[in-house]
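Chains here go by letter, A, B, C, D, E and F, matching the order in which they are written, and residues are numbered from 1 within each.
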Amino acid sequence: MTREDGREVDQLRPVEMTKDYVKFAEGSVLIRCGDTVVLCNASVEDKVPPHVREGHGWVTAEYSMLPRANRQRSRRDIDKLKLNGRSAEIQRLIGRSLRAAVDLEALGERTVTVDCDVLQGDGGTRTASITGGFVALALACRKLLREGKVERNPIVHQVAAVSAGIIDDVPMLDLPYSEDSRAQVDLNCVMNEQGELIEIQGTGEGRSFTLSEQQELVRLCGKGIAELMEKQREMLR
Amino acid sequence: MTREDGREVDQLRPVEMTKDYVKFAEGSVLIRCGDTVVLCNASVEDKVPPHVREGHGWVTAEYSMLPRANRQRSRRDIDKLKLNGRSAEIQRLIGRSLRAAVDLEALGERTVTVDCDVLQGDGGTRTASITGGFVALALACRKLLREGKVERNPIVHQVAAVSAGIIDDVPMLDLPYSEDSRAQVDLNCVMNEQGELIEIQGTGEGRSFTLSEQQELVRLCGKGIAELMEKQREMLR
Amino acid sequence: MTREDGREVDQLRPVEMTKDYVKFAEGSVLIRCGDTVVLCNASVEDKVPPHVREGHGWVTAEYSMLPRANRQRSRRDIDKLKLNGRSAEIQRLIGRSLRAAVDLEALGERTVTVDCDVLQGDGGTRTASITGGFVALALACRKLLREGKVERNPIVHQVAAVSAGIIDDVPMLDLPYSEDSRAQVDLNCVMNEQGELIEIQGTGEGRSFTLSEQQELVRLCGKGIAELMEKQREMLR
Amino acid sequence: MTREDGREVDQLRPVEMTKDYVKFAEGSVLIRCGDTVVLCNASVEDKVPPHVREGHGWVTAEYSMLPRANRQRSRRDIDKLKLNGRSAEIQRLIGRSLRAAVDLEALGERTVTVDCDVLQGDGGTRTASITGGFVALALACRKLLREGKVERNPIVHQVAAVSAGIIDDVPMLDLPYSEDSRAQVDLNCVMNEQGELIEIQGTGEGRSFTLSEQQELVRLCGKGIAELMEKQREMLR
Amino acid sequence: MTREDGREVDQLRPVEMTKDYVKFAEGSVLIRCGDTVVLCNASVEDKVPPHVREGHGWVTAEYSMLPRANRQRSRRDIDKLKLNGRSAEIQRLIGRSLRAAVDLEALGERTVTVDCDVLQGDGGTRTASITGGFVALALACRKLLREGKVERNPIVHQVAAVSAGIIDDVPMLDLPYSEDSRAQVDLNCVMNEQGELIEIQGTGEGRSFTLSEQQELVRLCGKGIAELMEKQREMLR
Amino acid sequence: MTREDGREVDQLRPVEMTKDYVKFAEGSVLIRCGDTVVLCNASVEDKVPPHVREGHGWVTAEYSMLPRANRQRSRRDIDKLKLNGRSAEIQRLIGRSLRAAVDLEALGERTVTVDCDVLQGDGGTRTASITGGFVALALACRKLLREGKVERNPIVHQVAAVSAGIIDDVPMLDLPYSEDSRAQVDLNCVMNEQGELIEIQGTGEGRSFTLSEQQELVRLCGKGIAELMEKQREMLR
């Protein structure tokens, strides 16, 4: 079975990352996964939010779509005076995922904010944000190490993410919007370099799914994530 | 191995539901799961949001914690002028889960809003909201049927939810706050009456988890959900 | 003349209070006056707002209705990004009334916030909030005393409140919604244990009222408040 | 006993009104009561809010203080993104009071908004807003009548307001800020041309008050309001 | 060629300033330019925003229109929860213009906020705000000097502003609303006592304009500003 | 005299535009002026705001900086719940400038919104937004023409913009941030294809400027704009 764009069911869309896309950020990556384009910028500040344990750092993320990233123009959050609920959900996921990559004690009392701004959205923007955001975060941490601000690299795990879904009862990897909008089940996985799970979020859209279907989707994601991690390592070499 | 409160690892906290807690709502349930107390009220309105297909209805949810539901008083959202990010994430989950129970065409052009207000929070508030919210929703639908406003019951699936987690490497069902705050992995399942998955959300807190650990957590949730559904059916009898 | 619910014109609706309804708050009371149900939680924090005199404490209140406390569902304040004007007015009244009960110097540099959340509203929610809120406040102060945090009880007066109104030219005590909505005059009294006034707010709805009518309404309120204070004392015994 | 400014206890501050202060408003009055200065503008719009009965009109008020109306500059509401709670309370009072002057059916399906902007505040701003706002409202209604937009004058009552208070146990009329800030009791009355009450709001500040004290304060207000109404009639002659 | 109101093309509308209009502000001026009326109040506070250099002060401005300053009533910013874009633009212009008058080091670590509230708008409100605001600012600085809080007068330049425009291809000075609304080009100048430019903002409305037209408009403004400065000096004498 | 980056005083930074950067927008251009990078997307919607004359269209703009477009990360507007005052000012300028290019009647009852999102800011972001935004707008209009939705091209003028400033008393064209931050005078020009002015905004920063200095800055801008228009025409060929 082949797909609209001719890919195999377990094949990723073409992935491309541009390092140092923006010159001011401590870490900056423009990631393209098919037609999805996300600018991921990591910023380091020498302070932490009040809830953080003394001597530790913090990693957080913000996610937003430019108004014309999609087929229809959407109003800016500030115009509606409300952070979009979907954005709120996604940026919490990105933040948790990236924190899993970091030894917050090694980071010291500083915050890394990873801004993920979607320039063009064609499905999989949250997972692209995690995959690209990890590289931006790693670049920022490397800079801290190079400048002697941290003693050891705070990055202790590699983290990447991808989605999979079930369409016409067939599990498939890395859905673009045209597939995503008619998927029966949609599942996002965040994994580390050992292929272990950090986050998993699955949703039945129109139908429920069995534990064995869920396993098959995780397996597909595992394959995709292994390939994405290869790309990440190239960027960081 | 027994737990702080003497439960077995696969044992639910005591669950209790009070039907018609509030007299004005079309469906109203006060649910207690251990020390977690959530008031779930379903309200029916004869209009739908613009994105809904013609002739179809909509089901949505709102989630909020009273300021003193927790150990520390938290400021109200309106005082900060921002919907709490965690609330935004949770109410999207509740909304998706409850929509999976309903035939939106049978519901007709009306919206059911399920308000889940946490009076006391001790872990598992989002899953209690789904389990109690389903009953409130079902009561409201039954009222529509009784009054002849719908031709057939829009409820086509039973839906309930519970959490499980890994503590000291032991998978356990239905964590109260004291366990949740030191869990290594935290996973929420929403299932239907066939034990199939509607939503799954798992998070590694401090460590990653394997696919087989994840399966064991889903199995535990499945056991708990079967028992919760028995309680729901009692309420609706 | 008897009323819809069979009460005498000077008779209160049945009043019931549940102490320690919520386990985390320093003081917690669920008060029912007829079908009006308000959860009153008092929270103590070791800081005061900037305007407070050194060495003194502060007592403040917040008031809110759950979305489905009424016949029609109302949108949450956060959804409209505005504190309801009526809520703003009411919480200022509750705050002033409860401060009249307290020696702020004896309280020391701490703030007691009394959250009054209306679970079900059937008239008289602001006066029920004051009557129940006083008990929550007194419980919290007693806890401070028991724990040796204050040297003497900051509670120096007992405070309770009730409404009265004129319907078909007949003054009546404690109006439920069905009466309130057709009252010609509506008056709220807050009094202390000596039957003296702390707050009085009277409004002509559709007609004006004379000073002697106003006096008769205050007299009715005085009778009702004496009975409410008896209930409060039972709770605090 | 004489007062700081030499007035008798039952004597008003000098009152002065300037008609048509602003040229665009349908009714406009600048009122000065001592050093309190409020600009009251009545605007007529040919629509009503949704809650208004068909064929009827609506009267509403907005109240605000300019940032430097007081001894200290205060931040604008828009800077804090919140309508001041005190302003919310006051504008509801003004609105209710002015509606008592109007036959809303005679007004027809239009809204009169009375904006009360305090240019300088020295006590009694809410009562000055009602007294001046009534004249602005009456001017706007007269204009409607003159232009044949209404068949009969919608104004059916004259409305004015003043405050009184107890200082060092002496009841006094019309307190400026210097007296108000040390008053033991503060009471506002809104009355009609028959000396009957439309609104009464009394607050004990630091001590409670008896029913007979309250009556004496109402009596003082009644005397002041009679004089204010004389001024209003001069303006409208 | 004469104009609607009989003025010559290079003639100002009648200007009138009332000093100390409000008694609490450190500097207060009510300015009338024709039918445009702006209340300008300067407030001094002993703190500066974080971006200000140590040992220096700050001057800032806020601009707002009362709801009924214009032909149509406009909703308050707080009602829409948004600072009007036009107000935001104007208050930035006023702030920059007034800072050009001040030696911020001589001012010391304090902020002067100049509130410009338009009571009635008939064209030229932003330039009237600058002209009147300068006088309020100068009065406040003089008070600081008189009280020995600053060693030398922080005012080092005189600043005033006026608009000019092109109507039916004729350049004219100081447009009221009726002219402004059909102007082809609209230009505002802020100048100092040497006739040099501090700010210039020109806009083609419906057509573009040449450099020589622009020069002619600046020349007209220069003439008007010289006259306005004479009025300012009278006020400050 | 040469500059930091070796340019002549009347030389533009290298300009580069990428057409169709985003695939969904009706017109899309990524413009780079030196290190300033702005994504300009034009979106067409078949409705107009209420203030627009019947049968006419509307052109508007929104401007925003990504959080890490600058040396320091700035908080998002939505995080502060306020549209940045500087952004409000700039987007009004862009909107007015682009409307000068369009025959709104030929556009018909539709709105073109040009979103200008600054990915990297190094001075001149507002003028780059106008220059790039014009091309995006022209592409969108051309698409309307190609699809037969308009009868004639609504674009009737070519519009571009650039800044100039005075540094160490030397007028210079097109300042990057390092020059802009120490400029004595800063001036932005928007012109059409005939070299006529559409908008001019000049500001003295620390000193005033003469009319002849202003003319020299306009002359410099005129030269730069002619070159920018050549680039625009290449894009649109």
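Simple rule for what comes next: a residue touches a chain if its C-beta (ideal position, glycine included) is under 8 Å from a C-beta of that chain, and two chains touch if they have at least 3 such contacts.
Since we're looking at a predicted model, the values are computed, not measured.
A.B. asks: Touching subunit C and subunit E alike: which chains?
C.D. replies: Where subunit C and subunit E share a partner, that partner set is D.
A.B. asks: Comparing centres built from CA atoms, which chain ends up most distant from subunit A?
C.D. replies: D
A.B. asks: How much rotation, in degrees rounded to the nearest 5, is required to superimpose subunit B onto subunit F on the basis of Cα coordinates?
C.D. replies: C-alpha superposition angle, subunit B on subunit F: 120 degrees.
A.B. asks: Would you kindly state whether over half or under half of the residue numbers at the subunit C/subunit D interface are used by both copies, giving same or different?
C.D. replies: Answer same: the two copies use largely identical residue numbers here.
A.B. asks: Quick check: how many Å separate the C-alpha centres of subunit A and subunit C?
C.D. replies: Measuring from centre to centre gives 50 Å for this pair.
A.B. asks: Using Cα averages as centroids, what's the distance between subunit B and subunit C in whole Å?
C.D. replies: Using C-alpha averages as centres, the distance is 33 Å.
A.B. asks: Distance between subunit A and subunit B based on Cα centroids, please, to the nearest Å.
C.D. replies: 27
A.B. asks: If I count partner chains per residue in subunit F, which residues reach a count of at least 2?
C.D. replies: Touching at least two other chains: 81-83.
A.B. asks: Linking chains that touch, what shape results: line, ring, star, complete or other?
C.D. replies: Shape = ring; chains linked end to end, path closes on itself.
A.B. asks: For a quick check of the interface rule, what order do the chains take around the ring, beginning at subunit D and passing next to subunit E?
C.D. replies: So the chains, read around the ring from subunit D toward subunit E, go D, E, F, A, B, C.
A.B. asks: Can you list the residues on subunit E that touch subunit D in the complex?
C.D. replies: 21-25, 28, 35, 37, 39, 41, 43, 45, 62, 64, 66-71, 73, 76-79, 81-83, 113, 115, 117, 119-120
A.B. asks: Which residues of subunit C touch subunit D in the complex?
C.D. replies: Residues 82-83, 85-86, 88-89, 91-92, 96, 100, 157, 187, 191-192, 194, 196-204, 208-211, 214-215, 218.
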